[in-house]
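We call the chains A, B, C and D, going by the order they appear; numbering starts again at 1 in every chain.
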Amino acid sequence: MGKINAGLFGFGRTGRIVALELMKDPEIELKWVVRHTQTPEAHYASDAFDCDIDEARIYSNLELDINFFRENPVDVIVDFSAIDGYQTYIGPARELGIKVVSAISNYPEEVVKELRCAAKDTTVLYSPNITLGINFLLIAAEALHALIPYADIEIIEEHFRDKKDPSGTAIKMAKLLQQDPARAVHSVRAGGIIGHHEVIFGLPYQTIRLSHDSISKSAFGQGAIFALKQIVQMDGGFHTMEELLRGVIRENLSTLKEEVLED
Amino acid sequence: MGKINAGLFGFGRTGRIVALELMKDPEIELKWVVRHTQTPEAHYASDAFDCDIDEARIYSNLELDINFFRENPVDVIVDFSAIDGYQTYIGPARELGIKVVSAISNYPEEVVKELRCAAKDTTVLYSPNITLGINFLLIAAEALHALIPYADIEIIEEHFRDKKDPSGTAIKMAKLLQQDPARAVHSVRAGGIIGHHEVIFGLPYQTIRLSHDSISKSAFGQGAIFALKQIVQMDGGFHTMEELLRGVIRENLSTLKEEVLED
Amino acid sequence: MGKINAGLFGFGRTGRIVALELMKDPEIELKWVVRHTQTPEAHYASDAFDCDIDEARIYSNLELDINFFRENPVDVIVDFSAIDGYQTYIGPARELGIKVVSAISNYPEEVVKELRCAAKDTTVLYSPNITLGINFLLIAAEALHALIPYADIEIIEEHFRDKKDPSGTAIKMAKLLQQDPARAVHSVRAGGIIGHHEVIFGLPYQTIRLSHDSISKSAFGQGAIFALKQIVQMDGGFHTMEELLRGVIRENLSTLKEEVLED
Amino acid sequence: MGKINAGLFGFGRTGRIVALELMKDPEIELKWVVRHTQTPEAHYASDAFDCDIDEARIYSNLELDINFFRENPVDVIVDFSAIDGYQTYIGPARELGIKVVSAISNYPEEVVKELRCAAKDTTVLYSPNITLGINFLLIAAEALHALIPYADIEIIEEHFRDKKDPSGTAIKMAKLLQQDPARAVHSVRAGGIIGHHEVIFGLPYQTIRLSHDSISKSAFGQGAIFALKQIVQMDGGFHTMEELLRGVIRENLSTLKEEVLED
């Protein structure tokens, strides 16, 4: 099988890190990067990482039209740009059947709706926090909540001192578990903590904790790669990271593993 | 619906605690307790807990025959006795269709086989560690392993200083996750730690931890109650706690929860 | 050296546990227990623990006068009773030079003053939370705060769901570290968590955590025993647990340990 | 007061990070950097960080003689180079009274002896792990060990998967606490964990944990800065980081803080 051709929207702090992960993956070819700028100071994304070979030419979003996507064909567009970034590519993606992985954090509802519409013509995956670990935590917490709905639930999230608001992921987690975020989410702000999320399920005689620690933003790149590899095998529709993971887990749980018992 | 009538085998340290949990549950009636003794010093299990009403008469395992089970009918037998405890009840259970929840830790393979045979005539659930939390941990770890099989796995278990061997649960967990227990299980022994199990999944850019803390042995009682309530609704067969939980979770994961995304 | 003779005030939930610890200690003889009751239902504290030998006769606080303390002499009185318990013994203690270890949680300031006065005639140790671990945490946190006053400080305390108020120990810790408790203390309430306190010091490039987990109330007994053994060697004055620990630590830190470096 | 003039030996991975911290500190002027190379590719340390102003000229260790130190005078030399780096500066440091902060991890005993000798003529601080947090952990653990020598001690250290040997710091910690490292140190290797050290003190009724998480190597720079600022105020002698911290803590513990009790 040939490589998966990918294009990236966004080359800010996170975008750069994602670009590097995409370039490092042996099954993916990063064809180009589009950034929000008049004149890109570098010509290739690879320039930012002291690579020897030029890879992933950088374009300004101002110079793009439908021809760009025709002349520079890719299988998937990965979007780490900004709320309005999708406007440039969503039309061409529908027309040309380019799949989309969007990892923008805080889309208003209208944009999510527009992505759902686009999913009639192509495959779209949207995830506001595209790391594997966080999404697994959401699903595992959801499963445990279904199992022991009477358990007390508390969420601790720890981040660097300058992070102002409570973590959006923690709030989402609280809502998913039918808790009032104002009560259930405890936000710790201290020094340079990169990112810690912990869900506590308290029963009278036992406590269960599911936790996630971020080490670097490259985790977003890995999450995007996971999503990208899944959706290239899918035939259209609107998907979320949680749904992908749920599918993988459901499939796995169906295989009854009796051998464990034997040990 | 009437109460579920239960009989308990075993009235040692753990058995007593389980008896108390069974008696406290409003949907269960503990009819009797069988213990391994010539002459029980107490007449009722309730005597051990300063209850006012006599409940759950205690019998010696020496005085039982098939008539006992006919004259003192129950829906389920819960077994927290010893490796050979099943010999007293397994025949009558098959004959009378009494369901069985067995929570003995270290059955040799032959006994497990015998329970499987018995499951042709009645419903049998067997779990060597019947706490909900530990079994959830096993399943969640298994699911995460399926999702990211390339992650490094390490297991930390912490117990009171006098616990000699590595935790059987930790070893089982390691095997389930295809790790060599000798490498993957780290056994910490310190003071009076009741019981802590932690599975660590390490990826280059993030770490996920699933952990369980025991607070009291009553967790076994709660696990047995969960199992008991599930199997009274089942029509025969041999089951494990993990399988029960897997079923509940699988069912739950099938209901796609889109509302979360909308938030 | 002979045993230390001790008397205990208080035989409620915590008092009983402390009595047991005192009776188990080979260097201590628990001579009597005084409880707040008209007619004690048991004659000896040892009755509560299925001991064979009668030990520590129980008296009602109503039947005590100065003669009681003369006729039943002890070296130390340990107080786990209630706010007004000291009134019965403080006079006789001053007159007879009986030392006092008081572990009442929430004395109003006047009572603390009265204990300070009493310390002119005898040795008094007062500690509202007499566990060794919690007091060590306080001191270590204080020392770390002196070392890196610019670090961010956050405190997490976790307890069983029905504990209503934030932990007094956590609040005291926050004040000691010059933090506003309303901001710095995060109170987690879940299931049956016995008691967890954690102080987090966040620096830009590293995080330090000091934490304490309670396993059982017997820790109070051990703390009282530690205090008791220290004050029998002291010549009067008013002391706190923190001060005792500070002394032991200060002394230890003075011995420069160069050998470590050599290794 | 004027700035403290510092020179840095070492400009490898850690050296660079330390250089940046030194340049960022408003009370310190980094005058020069010496690296082990024939012809430095950059002229100034500041070049490595996109600074506008040239700062901290880089010299090769091959071009240095006593005149270099006379013509480029500094108050302190900070050494993050290699085992033999000290040979270039130790003579001039003694002759000119330049203070030394050495943070080399694994000096053989002879080198430590040589530094001790040099301390007759100037002030020398040596620390194989110069982070504040780790050194605090060592001292706090030592203090707690003195307080409760009968507690069980276990050490968990977690690092990235490719770190081969057990952490030197964990081993040192075990020895300091009189534990056999082979038994007491548990080494977890998983994914990209930067560095976690945890000392567990287990008592029958409570558990105390002291832990440290590394976020970045810049912590070494901060530790060196702390050491540097302390030794510029000192009059000769050989010192260790632990000893400095012990001094600060001891001083602080002497001030009895009664106000805490009053609250």
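Everything below uses one rule, namely that a residue touches a chain if its C-beta (ideal position, glycine included) is under 8 Å from a C-beta of that chain, and two chains touch if they have at least 3 such contacts.
Note that the coordinates shown come from a computational prediction; the quantities given were computed from them, not determined experimentally.
Trainee: Which chain pair is joined by more contacting C-beta pairs, B-C or A-B?
Mentor: A-B
Trainee: Quick check for you: after a Cα superposition of chain B on chain D, what is the rotation angle, between 0 and 180°, in steps of 5?
Mentor: Chain B sits rotated relative to chain D by 180 degrees.
Trainee: Using each chain's Cα centroid, which is most distant from the centroid of chain C?
Mentor: Looking at centroid distances, A is the chain farthest away.
Trainee: Same or different for chain C and chain D, when you check if over half of the residue numbers at their contact belong to both copies?
Mentor: Same; most numbers are used by both chain C and chain D.
Trainee: For chain B and chain D, what's the span in angstrom between their mean Cα positions?
Mentor: A distance of 51 Å separates the two centres.
Trainee: What is the distance in Å between the mean C-alpha positions of chain C and chain D?
Mentor: Whole-Å distance between the two chain centres: 38.
Trainee: Averaging only over C-alpha atoms, locate the centres of chain B and chain C and give their separation in whole Å.
Mentor: Those two chain centres are 39 Å apart.
Trainee: What residues in chain A touch two or more of the other chains?
Mentor: Correct list: 191-193, 201, 203-207, 215-216.
Trainee: Chain C touches which residues of chain A in the complex?
Mentor: 151-154, 156, 158, 160-161, 186, 188-193, 200-207
Trainee: Show which residues of chain C lie in contact with chain B when the two form their complex.
Mentor: Residues of chain C touching chain B: 191-194, 215-216.
Trainee: List the residues on chain C that touch chain D in their complex, please.
Mentor: 109, 112, 126, 131-133, 136-140, 142-144, 146-148, 172, 175-176, 201, 203-219, 222, 240, 242-243, 245-246, 248-250, 252-254, 256-257, 260-263
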